[in-house]
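In what follows, chain A forms one complex with chain B and a second complex with chain C.
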Partner chain A sequence: MASWEQLNFQNSFSPLMEQFIFLHDHIMSILTLIMLIVGYSLSKLCLSKFNVTKQSENHELEILWTFLPGVFLIIIAFPSLRLLYLSEESEKSPLNIKTMGHQWYWSYEYSDFKDLEFDAFMSPVEKTTSFRLLETDNHTCIPTNTPIQMFVSSTDVLHSWTIPAMGVKADSTPGRLNIINIIAMKPGLFYGQCSEICGTNHSFMPITLDTRPIFFFKEWVKTMINS
Partner chain B sequence: MPEPTSIEEREESLEAVKARLERNEFFSAGLDPRFPNQNQAKRCWVNYVDYHRCRKQKGDEYEPCYFFRKVYRNICPHAWVSKWDEQLDAGTFPYDFNKDLQNKQGGQGHDPHGDSHGKH
Partner chain C sequence: MAASPNLDVEQALLDFEEAQEKKKSSLKLFGKSISDIPCFREAFLYGIVGGLGVGIASFLFTSRVGRSLDFTVYSYAAITAGTWCYCRYEKAHRHLELLRFKHEMKTRALTEGVTDTDRLRSVQTDSTSEEGSVIILPAPRTTS
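Now for the complex of A and B:
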């Protein structure tokens, strides 16, 4: 989860998020290189007491500094496009989960298990023993190391379902059924918040994802269908 | 043992679900190459209509129809299905199943590529 003064991404817990971080680092290294070269050249020129005569009417230099940015853009664009398509790549999942946005809570449906359905409201701030404004009364449980397809929709206005540590976010739109693919690599509790302004209590409809090894996931399902 | 026919009889019991869990048997609708989009709303609708059209044309006891039901129940939000079920009961569902039946029956009589034309 995110913490105070955190400038970078959250730790990754899915292959997709790992790739996002790799791309971010790749682009940042190129940006740093450009910043250094341009910064150095500018300061050198500004601080120089002489006119650099070789700089004006220099065709080779003009060609170089037109051509080089293009090369840099290509080096950035191709990994970015690859990841864009990779993030929407569907793979056959053994489990589909549906989530509906409501004003102002999320509801979840596990249709494969006897219509296992529940709502997830934010835990009251004064009662919660966990993170304030992030904890819900019911956790959404998924098995680890298993591709999961999440179907996201809404019953009223626009919402957005997200778990930043997994690198997933999808708009929850009335009449649309968006899919997102999650593979959780480790067990744990992951938090997200509604990411589309949806009204008064927009800040108070968090998402808690509980990832467990398949054995414990099955135990959770049994407990839920018994209750 | 006779084959179950009604939808109620086909519903899995809690014990059956638990036993299936023990065997690691999950059902998911999987991927449908007709709908490669991020938006799967159309896929949900098509499977819902297909199930009811299949039952109208082939009858309640025709087993393959229930595959469509399994798929739409797996991917459609419960709220959508309840709304469409209510519309079906009220006769306001925006799809004409009878027209399908008429087309099917009419089409058999006037099929230009049918066997009857080939024999002339």
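Now for the complex of A and C:
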């Protein structure tokens, strides 16, 4: 989860988020080099005594500073586009979950199992002993290392379902189904918050994702159905 | 006499702790340890050494400080960018090959001994789960 002094992404727990972080590092390093080149050229010009005649006209330099940004853009574009299409890839998943946004809570339906649906309200601040404004009364549980397909929609206004550590976010729009594909690499608890303004309690409808090995996921399903 | 297997585990734990200590003491950029960024160290080391080399060589040949400094900075940027892009491309290529290899290994382990491979290829197989795969198989044939 995020901490108060954090500037970077959260640690990645899905292959997609891993690739997002790699792309971010790649683009940031290219940008740093561009800043270095531009900063150095700027400082050289500022400190110049204007006694170099070639500074008023230099065809080779003009060709270079037209050609070079194009090269940098291509270097950035190729991995970016690759990741863009990779994030849209979906394979047939053994588990499908329907997520509906309400004012101001989320409800989940596991249609692959009989009678498994529940609502997830934020735990009251006074009663929770865990993370403030992030805990919910029911956790959304998924198995690790299994492709999950999540259908996100809404019953009233726009909401947005997101788990930053998984690198997923989708608007839940009334009358529309958006699809998210998640593969959790490790077990753990992951938090997210509604990311589209939806009213008074927009800040108080968090998401808690509990990823477990498949054996424990089956136990959870049994417990939830029985209860 | 065979070596005790516990020694390897202890060595692995020591190596892990050493790696964690190194990570703690490594330089951090905006809260992120640079040792976590693949190819960073290699690219910037090559860039610094290459840039300095080109700068010193140009100074030795031209004895012009300003021009040599220009060569140093621009060659540093070019060498760093080139090494970075090449290293990242190779890493992504290797990562993809490793994923394909792992997937193939798991599929072969699961389908070992299976003779009806054509039928099995038409069946959706999920071999990414570590705790036993989630395989969707067709209903068994009943022989009358």
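Here are a few things to note about the model shown:
Keep in mind that, in the parts below, the second predicted complex is superposed on the first by the 226 of 227 C-alpha atoms of A that agree within 3 Å, B and C clash if a C-alpha of one lies under 4 Å from a C-alpha of the other, contacts with A are read in each partner's own complex, and residues count from 1 in each chain.
By definition in this document, contacts are C-beta pairs under 8 Å (C-beta built on N, C-alpha and C of every residue); 3 or more make two chains touch, one makes a residue touch a chain.
In this text, all values refer to a predicted model and were calculated from it rather than measured experimentally.
In the three-chain model built by superposing on chain A, chain B fits alongside chain C with no clash. Once both structures are fitted onto chain A, a short way to say it is that chain B and chain C open up an angle of 110° at chain A, using Cα centres and rounding to the nearest 10. In the superposed model, A:89 lies in contact with neither chain B nor chain C. Look at A:33: by the touch rule set out above, it reaches chain C but stays clear of chain B. Applying the stated contact rule after C-alpha superposition, one finds that A:60 touches neither chain B nor chain C. When the two structures are aligned on the shared chain, A:7 is found in touch with chain C, with no touch to chain B. Of the two partner chains, chain B is the only one touched by A:115; chain C is not.
Within the superposed three-chain model, A:176 lies in touch with chain B and out of touch with chain C [touch as defined at top]. By the touch criterion defined above, A:213 reaches chain C but does not reach chain B. After overlaying the two complexes on the shared chain, residue contacts for A:126 are found with neither chain B nor chain C.
Minimum Cα separation between chain B and chain C in the superposed model: 6 Å.
When the two complexes are laid over each other on chain A, chain A has residues 92, 94, 214 in contact with both chain B and chain C. Contact residues on chain B toward chain A in their complex (touch as defined above): 12, 14, 17-18, 21-22, 24, 26-31, 36, 38-41, 43-44, 73-80. Chain A meets chain B in the complex at residues 88, 90-96, 98, 100, 109, 111-115, 117, 149, 151, 153, 155, 170, 175-179, 214, 218, 221-222, 225-226.
Taken in their complex, chain C has these residues touching chain A: 30-32, 37-38, 40, 43, 70, 73-74, 77, 80-81, 84-85, 88, 92, 124, 126, 128-132, 134, 136.
Chain contact summary for the complex, chain A toward chain C: residues 5-8, 22, 25-26, 29-30, 33, 36-37, 40, 44, 75, 79, 92, 94, 143-147, 183, 213-215.
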